[in-house]
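The structures considered in this document are given below.
In what follows, chain A forms one complex with chain B and a second complex with chain C.
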Partner chain A sequence: MITAGIDVGSVNTKLVVFDRVSQQAFCEKVVPTGPRPRETAHHVLSECRSEHKELSGHVRGVVATGYARHAVDYVEGTITEIRAAALGIRYWHPTCRTVIDIGGQDSKVLSLDESGKVHDFVMNDRCAAGTGHFLSVLAKTLSVPLEDFGWLSLESRRPVPVSSLCVVMAESEILSLLAADTPVADVIAGLHEALARRVANMAARLRVEPEVVFTGGVAQNPGMKAALERALGIPVTVARKPLLAAALGAALSVGETKPGS
Partner chain B sequence: MELIPRATFEQIRSERVEEIAAARRQGAKVVGYFCIYAPVELVRAAGAIPVRLMRGGHAAEEAGEQYLRADACSFCNACMGNFGIDPLFRQVDVVLVVNTCDMMRRLPESIERHFGIPAFQLYMPRTSEPLPHRVAEFRRQLEYLVVELAKLTGSSAGDDRLEAEIAAFNRLRAALRQTSDTRRAKSSLLSGSTMLDLAATAWLLGPVKAISLIEEVLRIIAARPRADAHRPRLMLGGSMLTEDDRWLLDMVEEKADVVTDILCTGTRWFAGDVPAEGAPLDRLAWFYYGQPCMHRRPNDGLYEYARQASRDFRVDGLVYKTLLYCDPYAFEVKRLQEALGIPVLHLDTDYSTENREQVRTRVEAFLETL
Partner chain C sequence: MPGWTDPKSARVSFDDWLELFDRVPDELIERYHYYGNNEAWSKYLFPPQMFAVYGMRHLRRLKFDNSLAALRMWGFVQNETERLFRARQTGRRVIATMGDLGAVPVIVNSYPKCVAFYPDCIWWTPFAMESRVLFDAAAELGIGDATCFSRAALGAFAKHSYFPDPDLVIASTGASCDDYSGVEQLAERFAREMLWVEVPMRCGMGPMGPMGLMLVKEYERVVEAMARLTGHELTEDELRAGIRRTNTVRKMVSRLRELAFGDAALAALEMMVIEFGNLHYYSDMDEWTAVLEHLLATAEGRTARGERMLPEDALRVVWVTPPADPLLLTYVEDAGARVVGTEYVINQALEIMDESRPPLEAIAESFMAASLIGTSKARTQSVIHQARKYEAEGVIISGILGGSHCAMEGRLIADYVKAELGLPVLEFDVTSPSREVARQIGTRIDAFLEVLRGRR
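Take a look at the complex of A and B:
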C-alpha cells in the first residue's frame, strides 16, 4: 500500500511517498518552507506528482503534519508532529522508547510505551531557546557554516560554560567570550552543552528509557548527539533519516486518521 | 451548535453594563470583586451592586505593565490595564479583595494609587483547617465589611435583607450546579464555552435575572436530542479562566468535550450552599472559609474536589492552564497528576497570542494520547 506524508516544518518541508508492502520509499523530498507554507506544500506535492507519473492513481492518501499542517489542502487528515515522529521513528527503530526531537522552532521529548504509542511528552513552550534556531543564529554570529558547527564542537578540549539559552542573550554572552580570546571551538562546544542540558532537563520530567533516538534537523549535528549523551548519561541513537521521520510517520498514519480530522 | 449563541450572551452583558452605569448615575455603588471568597451576599444586602472583575486580555495585560512589573502575574497586570480600558471596570467604586496569593494581596494598593479606587481588604487565614478561632477571625473581617459597606451605601444590611440575599445566591448556585451537572450524561450538550458564558453572565446579572437565563438554557438542553458520544471527556483546571481564554476552550472543543472543571471561575463558585442553620454572619464565615483554593494550607480539599469531579464526570484527562507567574497553581501540577492518575496537559501562558499554534500542537498531541 502506497501512502504519502508531508511534514511542513518551520525550516523545511519534507515529503515521503512510501510503500508499506515493499518497504520502499518512492519519493523523498526536503525543501525550504519559506514564507508561504501552503504554497510550498502544494509545490512539493505537484513536483512529486510530475516526477513520478507511474504512481498516479496508486497513492492511497496523504496525511499532513508539522506546524503548518492545517494549511495543506487536499489531504486525508492531519496528525501532530509528536505522533508522526513516534510512528516514523518506531518504524525504523522498533525498540525505541524515548524520542528526542529538536527541530527549527521547538524541541520535544516523547516517551513511548512498549507498543510505540506516545505515553507522555514535553515540549518547549514559546521561544526559540533550546531549538535549532538557537544554533543557526549563533553559527552566523560566529561566522561558522552550520554544517561545520557540530564537528567543531567535537574538537574542543575545554568547553566554556554558556549560561544563556535565549538567542539574544547568548549572542552578547558569546561576544564577551570572543573578546576574551576564548577559542571558537570551546565556545561552540559550550553552546552545545547548554542546549543539551536544557533538553536533558526537559526529558527528566519524563522517564527516559532506552533506546533513546534523536531526530529532527538538529540530529544531523554530530556534536549535539555527543553532548546529549553526556547530559543524559546514556547512549543516543541518531535516527536513520532525521529530517524525514515525521513525514514517514504521517505516511504510515494514512488510513488511521479520521476523515476531516 | 451552541445552545445560546455567544453573541446573545455578549449582548446581555453589555446591556447590563449600561444598566449598571445608569444606576450608578442615580447614586448606586458598585463593588468589584475578584475571587470566590468575596461574600457577595453582604454587598447586595447593603444595597450595592457586586460585579466580578474577571477579565484578562492581551491589550489589558500590556497596558497593565505600565503600573506593575512585566513579570507580575498576567491576571493582575490585565486587571490594572482593564481599570483603564474596560467599560465594566470603569464603573467600580470600591474593590473587595481577599488576601489569597501574594499578588492579589498587593493589587489593591496599586489600584488605589493609580486609579483612586479604594479597597475593602479581607484577611483569609492561610490555614484551611476547620478551627473555630480561625473562622472567628474571618467572621470579624465580615463584621468590618458590613460596617464599611454601610458607610459606602448609607444603608446597613438588616438580618432579613441578608437572609433574602443568602437564599437568592443559594438558588443561583443551585441553578448553575444543575446546568453543569447535565454534563454528567454520556454525551454533553453544554460546552465548556457556554458554561464560561453562563458563569460570567451570572456574576453580572445578579441572582434573579441570572436564574431566568439559566432556566432558559436548561429548557433548551432538555428539548434537544443527544448525539452519540465518542469524544474524549476533559476536565479544566489551573488559574482562573476568563472570556479572554475562550480561544483555548474553542481549540480543545474542536475534538473533545469539556465536561467539568476545578476552576474558581467555574464549578467551584457554585459547588456548595451557604448552610441554613445559625446566625447569618456565622454561616457566611463558615461557608467562605471552607472554600478550597490552592493557596491555602493544607490544600487537600481541592485535591478531593478534583478526584470527586474526575469520577463523577468520568473524565479522560485534565487540561491544566496556569497563567504565567501564577506560582500557587503552577507548583501543584505534578502532585495533581499523581493524585488523579489521569493524563494531564499543563499549559503555562500569558494573554499574548504568539504561541497559539504551539499550544494547538500540544493540545492535539495530548488528545491523540488519550
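Take a look at the complex of A and C:
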C-alpha cells in the first residue's frame, strides 16, 4: 500500500511517499516552507506527482503534520508532529524509547512505551530558546555558515559557558566574549552546551530511557549530538533521516486518522 | 417554558444562537429581569451577539449550550456591568470584594440593599474583548506583563467604566495571591474607602485553630465597616439567612457539577461560568439563584432523558486553574475531550457552611478549606479526588504567564498527580489575549489527547 505524509514545518516542508509492502520510499522531498505553507505543500505534492507518474491512482491517502498541518486542505487527515515523529522514528529505530526532536520553531522530548506509543511528552515554551532558531540566529551573528556550526563546536578545547538562552541576550553575551578574544569555536561549543542543557532539563521531566534517538533539523548538527550526550549522560543515536521522520510517520498513519481537519 | 421547547442538547456556534433566538417568544424576553423588578431597563435575555457588539468579540469564537437556561445565564452574566451601574442608580451600595474569592460577599450580601462584586473576575475581560486595553492601563500604573492577568482589575479601576466606583473596597491579602495583593495596593488610590482583611495561611492546623479564629476577628472588622457604611447593625438572624441563601446556591452548583462531570449534562464553558457565580452571584443573588434553578432543571432533564452535551466516548480530563482564555475549553471539547473535574482555586466558594455554628465562624471555617491558602500538595488532593471519582484519563493545568503562583505550582501539581495516579499531565501557560488558541498550545493539546487516546 502506497501512502504519503507531508510535514509542513516552520522552516522546511517535507514529503515522503512510502510503500508499506516493499518498505521503500518512492519520493522524498525537502523544500523551504516560505511564507505560504498551503501553496508550498501543494507545490511539493504536484512536483512529486509529475516526477513519479507511475504512482498515479496508487496513493491510498495523504496525511499532514507539522505546525501548518491545518493549512493543507486536500489530505485525508492530520496528526500532530509529536505522534508523527514517534511513528516515523520507531519505524526506523524499533528499540527507541526516547525521541529528542529539535526543529526550527520548537523542541520536544517524547517518551515511548514498549509498543512505540507516545507515553508522555514535553515541549519547549513559546520563545526561540531551545530551538534550532537559537543556533541559526547566532550563527549569523558569528558569520559562520550554519552547516559548519556543529563541526566547529567539536574543535573547541574549552567551551565557554553561555548563560543566556534568550536569543537577544545570548547575542549580546557572545559579542562580549568575542570582544575578549575568546576563540569562536569555544563560543560555539558554549552555545551548544547551553542548548543541550536546556533540552536535558526538559527531558528530565520524563523518564529518559535508551535508545535515545535525536531527530529534527538540528539533529544534522554533529556538535549538538555530542553536547546532548554530555548533558544527558547516555549515548544518543541520530535518526536515520532526521528531516523526514515526521513525514514518514504521517505516511504510516494513513488509514488511522480522523477525516479532515 | 410557554412557547419554547429546548432543541436536542448540543453545543452551538455564535451564529446558531442568533438563529435560535428568533424563535424565543417575546413573552419570555419580557419575563426575566434583574433586581426583582419589572422595569424595561432590567431585562437581560439577549443573544450573545448583543454583547459582542459591545466589545466581547471573543464570544464569536465560542460554542454555547443551546438551552434557554444557558441563554438566560449568558445574558445575565454578560449584563453584569450594566447591572452594577443600575445598582448605584437605584440606591444600592456597591461593595468591591477582592482577593478572597467567595467568603466576604456572604457577609456583604446579608445587608439590605448592598451588592458585592469581584473586580478580580475582570481578568477574563481582556480575553473576552481580545484587547490589551486593561493590561496597558495597569502597566501605566506600574504593574506590567510579569504578573497575573488579574492585573486587569487595576486597569478597570483606572478606567471607571467597567463598574461604578465602589462605596467600599474590602481587599483580602496575606496568604493569598502575591500578584493580586500588588494589584490591590495599587487600586487603593481609586477607593473611596479600603478595608484590608488579613487572610491566614492554613499551616496544617484544623480549620478553626488560631488561624481560623484570627479570620473571625477579621470578619468582625468587615461587619464593623459595613455598619459604618450602611448605618445598619447586622443581626445574627440576618447573617444566618445570608448563609442559608448562599448554601442554597452552593448546593445547586454542587449538583450541577455532578451532572456536568458525571453525565455531560453541561459543557465545560457553561460550567466554569456557573462555578464562578458562587463568588458573588454576578451581583444579584436572587436572580442568579433563579438562573441556577433553571439550569439545574435543564441539566436534570437531560440526564433523565439520557441526553448529553458531549459524546460518551469523549476523553475525560480534570482541569486545574481556570483558563483565562475561555476558548481553550471550546478547543478541548472540539478536539474530543470533556472536563470531568475542576480545581479553579475557588473551592472555598463551593464549600457548604455549617448553619449550626456561629455565623462568622461558619464563614471562616469554609474559607479555611481554600486551596488558595494551603500547600500545592493539599490542592492536588482535590484534583486526585475528582480524577478518581470521574475516572479521568488525564489532567490539564493551564497556567498564567507571569502569574507568581503558576510558575512553581503547576510543576508540583503535575508531579504529584503523576506519582499518585500515573495519569498524563499537560501543563502550559496561557499567554495573552488573541483571536485564536496559540498554535503551539493547540499542538500540545492535540498531542496530549492523542496520548490519552493511545492509552485506551
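Simple rule for what comes next: the second predicted complex is superposed on the first by the 260 of 261 C-alpha atoms of A that agree within 3 Å, B and C clash if a C-alpha of one lies under 4 Å from a C-alpha of the other, contacts with A are read in each partner's own complex, and residues count from 1 in each chain.
Here, contacts are C-beta pairs under 8 Å (C-beta built on N, C-alpha and C of every residue); 3 or more make two chains touch, one makes a residue touch a chain.
Bear in mind that the values here come from a model prediction, so they are computed numbers and not experimental data.
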| item | value |
| --- | --- |
| Contacts of A:E81 with chain B and chain C, given as first, second, both or neither | both |
| Which of chain B and chain C A:K53 touches, first, second, both or neither | neither |
| Contacts of A:R157 with chain B and chain C, given as first, second, both or neither | neither |
| Footprint overlap on chain A, where chain B in one structure and chain C in the other make contact | 67, 79-83, 106, 117-121, 123, 125-126 |
| Footprint of chain A on chain C - complex, ascending | 424, 429, 431, 438-440, 443-444, 446-448, 450-451, 454-455 |
| Footprint of chain C on chain A - complex, ascending | 67, 79-83, 106, 117-121, 123, 125-126 |
| In the complex with chain B, residue positions of chain A that touch it | 67, 79-83, 105-106, 117-121, 123, 125-126, 261 |
| Touch list for chain B against partner chain A, complex | 255, 343, 348-349, 354-355, 357-358, 361-362, 364-365, 368-369 |
